[in-house]
């Protein structure tokens, strides 16, 4: 909503909620001053119908039915997981239940993705970890620089966990501490990363993914490594070529490493590559704001593409730092 | 000094410094209230001579000469890097200049290390990253569970960088941000980790090591993975056996993952293991307080062993949380 | 419990809980490694009976009945609010319901308080804000240096709010933000501060008290001001005299200002005084760890006095920093 | 620069620096992606001449000469202290040396200030603490609600101290700690606050001001109290009336208290008032982003007024949260 408020082609319609329907937005989000007195409505087709674009962020398993009720004249952008995975068995294994089918995948910087988004009325926006991890490793895999066996450790701020009231997310627990979770390949973003990287690589890519919780509100820094199989000396050129024309993916000058703060509030990915000759591995470090390019900003980028607007409309490339 | 103050067999003698010699300790370390009015002296053999034990934390290349002046009747515990590496070429490559030789290595939990520490008058205390990384991976390598090709991403609080006045360590830069540094195998702790793990494994171990800076004062959480070559179902038993008798290394109950805060101020390592069957990797996550077991606590543990005191004397196993 | 574990005269008996009875302590408090496998019991007189000392930290209105069941042979130390206020009307106004009566007040550094604690079997431990605020202002009021009209702004870490699951205490909300709460004299610690300061002053003291929530886990820094009515030049001497013999209250050297971190984990109060001649006010800044001297450490200090042990037994004066 | 980049009427000209002249902006400010490759120039009249607007942020004592060289056709907006104080003696006491004279004061929301800014070619932008403190107390003083004797405790993030390399500003020192500084009325923002409030009140206002450093990058929360002399029941109406038409000053709904995060990155002030009948004081709590409305945003607001643009042009009222 913060980003949509400054989007020149958007007028904000109904704001809806789950348990908080009926309450003022300003109670929860006082930073959205221009919308503070808006009252949250129920997330129903009655309320949402009639809008040109609807963004959904629902518990999984709920968006397909609502999208069907909204019909094909509405651009439905699903920030949830329901339509990200292509494989029904993978859906069943990782989420359980019937697969709702897959929609055009909202990571325009992946090969072929942008074409599928043009003119679509359905978008499945990726998760925050798949966004940063896939963009970090896709060029190397596409170029055959590395083998299909990647290791990712992604450190994240706590907003990634949403606003659920769990003891380990309390400020007093989080501040001054680091912890791992979803270790051993059990985080639900793992199959999504594997799907993206396998698609780029053309062969199955094995993904070891570990998320780490750190004491900051927002931001993800992913350290991504893979065994070098090609010429490490070409790594920089490969990444430069892959992203030179991308407005939101920024390869930093040699010697400068990404910080999440430089991306705070913006729709950018900052990344850097290195070759570890001793270990025979490529290391890519990438930073995003999980609440911007992570999902919400990426969703607006997809909206722009789907509607035929300039892709960068309303999306900042400038972070809020320090 | 905090830990030594509550060590029942220690009387604190001279306190020395570099550029701050001549000033009150309380100016810099007001938390050390019982020592606040002590005046810092010069780090010379004249001042340090006559003590039973001397702890050094000097810029590299400086401890050998001072230790020689102190003679063999003094137990010299070097918290710096000078005597950690066994190989003179490795020293020259990573630090430059002439190798001062290696001393008994102060990580008692490594196979054979404790014996070498008993009765010694010289100890090379390991760095913080090598401590946590080596203890995380040694049992799996020793048991042949994993192959000699490990990937480590270690997230650290900013005290690991000391009190040097660099812009990127300012509070306003650090808070709310994550950054990587020393990427691509260029951090000086890399050869020390490789030395430890190769020693345990019996064959050269390749180490991909990436440190990440996170916004907390102290604490390291290391995510360590290696390709499974043995029976993953035995992983827990291997670690349980390796550390059951160790007073400071704690394998958490199944399902519970380490947090750095649980180790804050204590000499403990908390760790947990998982097998990622899809990726074919073992994942070990380990947490320490870099300013306790990381170096300073480990140094006291080594002192206890060298002097023939009970190893746990004066060393807390209880963290300060939240 | 962390402090009691290193208290040489204490053996820890039953550990009890409310909703978490029946679960392992290590699930919630993994930093208390030596107690991690203890199972929490119900907070009943059956479980608690037979101990020499019982510490209570119950919702208000609940400790009187339990204490009565335990009888006079048990030293009951109430960390809750029930027996702090002397005035039944004040109790009714601020907490509601019938007053349980007042017990000897556990702030030994207040004039007369220590005598009332010797040999007692009942102690009402003060709240964290009253501890730091009362010790900051009592000497000036007792000496007639300032008028009975004080303004206190106390900044606190979030552990002061306990482990209740409220949205505004989530890490993502707390980190990077400051907020005030209980503004306008409505915080329940206000009458307790007024009671303490009025007792010292001999006349009613009016208290303007505002707590501010800041992004750190623990620590309180109170800025306390009052109009100068005496000779400001004597301020330092007044405080020096008041606290010179106190083991836990430390007036910093001139020019050095308190930091909460210097008190972290310790039972100390660090304070400093200044005279603002332009504004005609005395300003006292005082720091504590709210989870140590704030309540838990103070409770053990009172136990020592009540049992006739040396007052400082088992209580650190050394903080954990940085 | 972040704000100017999205200002529709601004084209960014020369960027200058002190010691860092000659280096890429992106080395220091990687979040300003569109300007990352700009090279910093020297802060001389040659470089700065020919621009319509020049923003200065120089060490004190340096802006008058440069402004004179730039001439009257350039709008010079001084973010430093040189031209804030009206009284030469006050300047000499607080800063030392000769007074450069005072310029129209850049806090448009103060009575009369906006008129003085229209069409001016010189603006003295206020400091961050004077901005938030003056706006918090001005309405009550102007309305005669409170007496001229105010107490302010302002908690601030560490960016307020700039990027100077001082040990107490290092991340490891700042995180997990609170500290006071400039206690006893010695902070240089004190006379500026007194000047503003005395101007509003019509009589000398005595100011007790204490800044507190907290572990967050940016944000100020000021708790401002004064003795009630008027009818407290009118407090809300007084503030409502004062700020109803102000685009950047927002009185929160009753029962909701300001958080700095709601203002992060925006040019807004959020405030709330309460009457403490027991203490006989009005309490106003106000939050700003010290790097937005605190100085930089306020500077742009003044530029808009001086140039005759709509005052709100290019200035967000939406914060970046959480």
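Every chain is named by a letter (A, B, C and D) in the order it is written, and numbering of its residues begins at 1.
We adopt the following convention: contacts are C-beta pairs under 8 Å (C-beta built on N, C-alpha and C of every residue); 3 or more make two chains touch, one makes a residue touch a chain.
Nothing here was measured: the structure is a model prediction, and the numbers come from that model.
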| item | value |
| --- | --- |
| Those chains which touch chain D and also touch chain C | A, B |
| Chains touching both chain A and chain B, listed by label | C, D |
| Computed distance of Cα centres, chain C from chain A, in Å | 45 |
| Geometric centre distance via CA averages, chain C-chain B, whole Å | 36 |
| Residues within chain C bordering two or more other chains | 157, 159, 172-173, 175-176, 215-218, 259, 261, 264, 321-322 |
| Residue ranges of chain D touching chain C (in the complex, touch as defined) | 149, 151, 153, 155, 157, 172-173, 175-181, 183-185, 190, 206-210, 212, 214-217, 219-221, 223, 225, 257-261, 264, 272, 274-281, 283, 285, 287, 321-322 |
| For the chain B and chain C complex, residues of the former touching the latter | 2, 5-6, 24, 26-27, 29-34, 159, 175-176, 217-218, 250, 252-253, 256, 259, 261-266, 268, 270, 316-322 |
| Interfacial residue positions of chain C with respect to chain A in the complex | 28, 157-159, 161, 163, 165-167, 169-176, 215-218 |
